[in-house]
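Given below, in the form of structure tokens, are the structures.
Consider the two complexes below, in which chain A is the common component and chain B and chain C are the respective partners.
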Partner chain A sequence: MKQVVVKNDLAAAKKPEEAILEAVRRFGYGENCTFAIKLALEEAVTNAFRHGNQKDPDKHITVRYEIDATKILIEIEDEGPGFDPGDVPDPTLPEYIDRPHGRGIMLMRAYLDTVEYIKGGCAVRLEMFRKE
Partner chain B sequence: MAEQTSRLKVSEFDGMTIVEFSDRKILDELCIIEIQEELSRLVADKPGIRLILCFKTVEHLSSAALGMLITLRKKIEQGGGKLRLCDINTQIFEVFKITRLNKVFDIYPTIDQARNNF
Partner chain C sequence: MAAEHSPNNPPETPFELQRRIEKGAAVVSLAGSCSMTCADQLGSLLMQEAESDVPLVVLDLTRLEFIESTNLGKVVAAYLKLRRRGADMKLVGPNGDILNLLKLTRLDHLFTIADSVEAALPSK
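Now for the complex of A and B:
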């Protein structure tokens, strides 16, 4: 897998995000797939920056990816304490629907084939298989 | 006459305020904070605002942008105003449907339909 380590900065994280999207287009994945990967990357990187690394500029975000004609595999890792995704409430429940946060994981799960938290929740593994 | 700000194009029509986005992507935090600040100023200046947000130009939207819209809706309703969304493309409407926010927001297919009886 290719690996890129960037400072905990959303602008710095754009570079590996763009490289991944460029590879997704190069392997001929369609518009819907590109939309899904772009959305999932944004959500995963924002979670790493905000929740994992707590916006600490001295921490880093590690992006690993492997893209070929059959599948897209991405891992986003932060340097935070980790978390249990089971603790994140369902944002569609009436008591949470009006909250401004907490929809990122749900969106990633809706669009991708695999969203798996590893390393105690410090890293998320995103996987999408070619369907078209 | 439309007023062009850095992130939004704001115009008035028959007592309604219509806002179009300058960005095709409402994804990253900086962009969202700037949009939120501009919209908050607009709402604070016009208690009871009838605001239509037109998504015609928008191709990407993140969960942070959805959060910004939820906060905006609360502020508008607290001031006695109303918010309608319109012209949302199929891919972005799917994001609203997945999160069930299509049941929370007042969403219209076109700007003409959003203006009707508002």
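Now for the complex of A and C:
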């Protein structure tokens, strides 16, 4: 897998995002897939920046990816203490629907084939298989 | 590491934010890619509207190509603040991708979604 390590900074994390989206287009995945990957990447990176690394500028975000004609595999890892994704409530429940946050994991799961938290929740593995 | 721009790698459409007053409402237009780096800009403007005395904020999404959940959260936070002072927020013209996001998050149940800015504005 290719690996890119960036500072814990959202603007810096746009660079690996750009490289991944270029590869997604180069392998002929459609616009719907490109939208889904961009969304999932931004959700995962934002969670790493804010919740994992607690906005600490001295920490880093690691992005690993492997893209071919049949599958897109991405891992985003932070340097935080980890978490249990089971503790995150469903943001579509009536009591949570008007909360300003907490939708990222649900959206990743809605768009991708696999969203798996590994390394105690410090890393998320995102997978999408070609369908067309 | 990031590839140069090419047909496979078009530059991200820059995020644009415009604001005008129409029929007493604040019409805020979002265009381009509202990515994770735009949340402070969007949140700041929407909070200004929420703390002003406008009775209605119309978010024109007609030219919006992308938005992620942090920015959706800024929209929700401003909406809640508006509602607390008796004002309202309506959304206009999301494309298919954005409408799907609103449906997946069930935010289509929270907001009125109009087809046009004209339809979202008060009739008088």
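Some notes on this structure:
Definition applied: the second predicted complex is superposed on the first by the 132 of 132 C-alpha atoms of A that agree within 3 Å, B and C clash if a C-alpha of one lies under 4 Å from a C-alpha of the other, contacts with A are read in each partner's own complex, and residues count from 1 in each chain.
Just so it is clear, a residue touches a chain if its C-beta (ideal position, glycine included) is under 8 Å from a C-beta of that chain, and two chains touch if they have at least 3 such contacts.
What you see is a predicted model, and the numbers here were worked out from it, not measured in a lab.
Applying the stated contact rule after C-alpha superposition, one finds that A:H60 touches neither chain B nor chain C. Between chain B and chain C, more residues of chain A are touched by C. When the shared chain is aligned, chain C comes close enough to touch A:K15, but chain B does not. In the superposition on chain A, contact of A:R25 is made with chain C only, not with chain B.
In the superposition on chain A, A:V4 contacts chain C only, with no contact to chain B.
Once the two complexes are laid over each other on the shared chain, residue contacts for A:K71 go to neither chain B nor chain C. Once the two complexes are laid over each other on the shared chain, residue contacts for A:I97 go to chain B and to chain C alike. Overlaid on A, the two complexes show chain B and chain C touching the same residues of chain A, namely 10-11, 32, 35, 38-39, 42-43, 46, 91-92, 97-101, 103-104, 106-107, 110.
Residue ranges on chain A touching chain C, taken from their complex, read 4, 10-11, 13-16, 18-19, 21-22, 25-26, 32, 35, 38-39, 42-43, 45-46, 91-92, 97-101, 103-104, 106-107, 110.
Residue ranges of chain A in contact with chain B, taken from their complex: 10-11, 32, 35, 38-39, 42-43, 46, 50, 91-92, 97-104, 106-107, 110.
Chain B meets chain A in the complex at residues 27-30, 60, 62-64, 66-68, 70-71, 74, 91, 95, 98-101, 104. Within the complex formed with chain A, the residues of chain C that make contact are 1-3, 6-9, 12, 35-37, 66, 68-70, 72-74, 76-77, 79-80, 97, 101, 104-107, 109-110.
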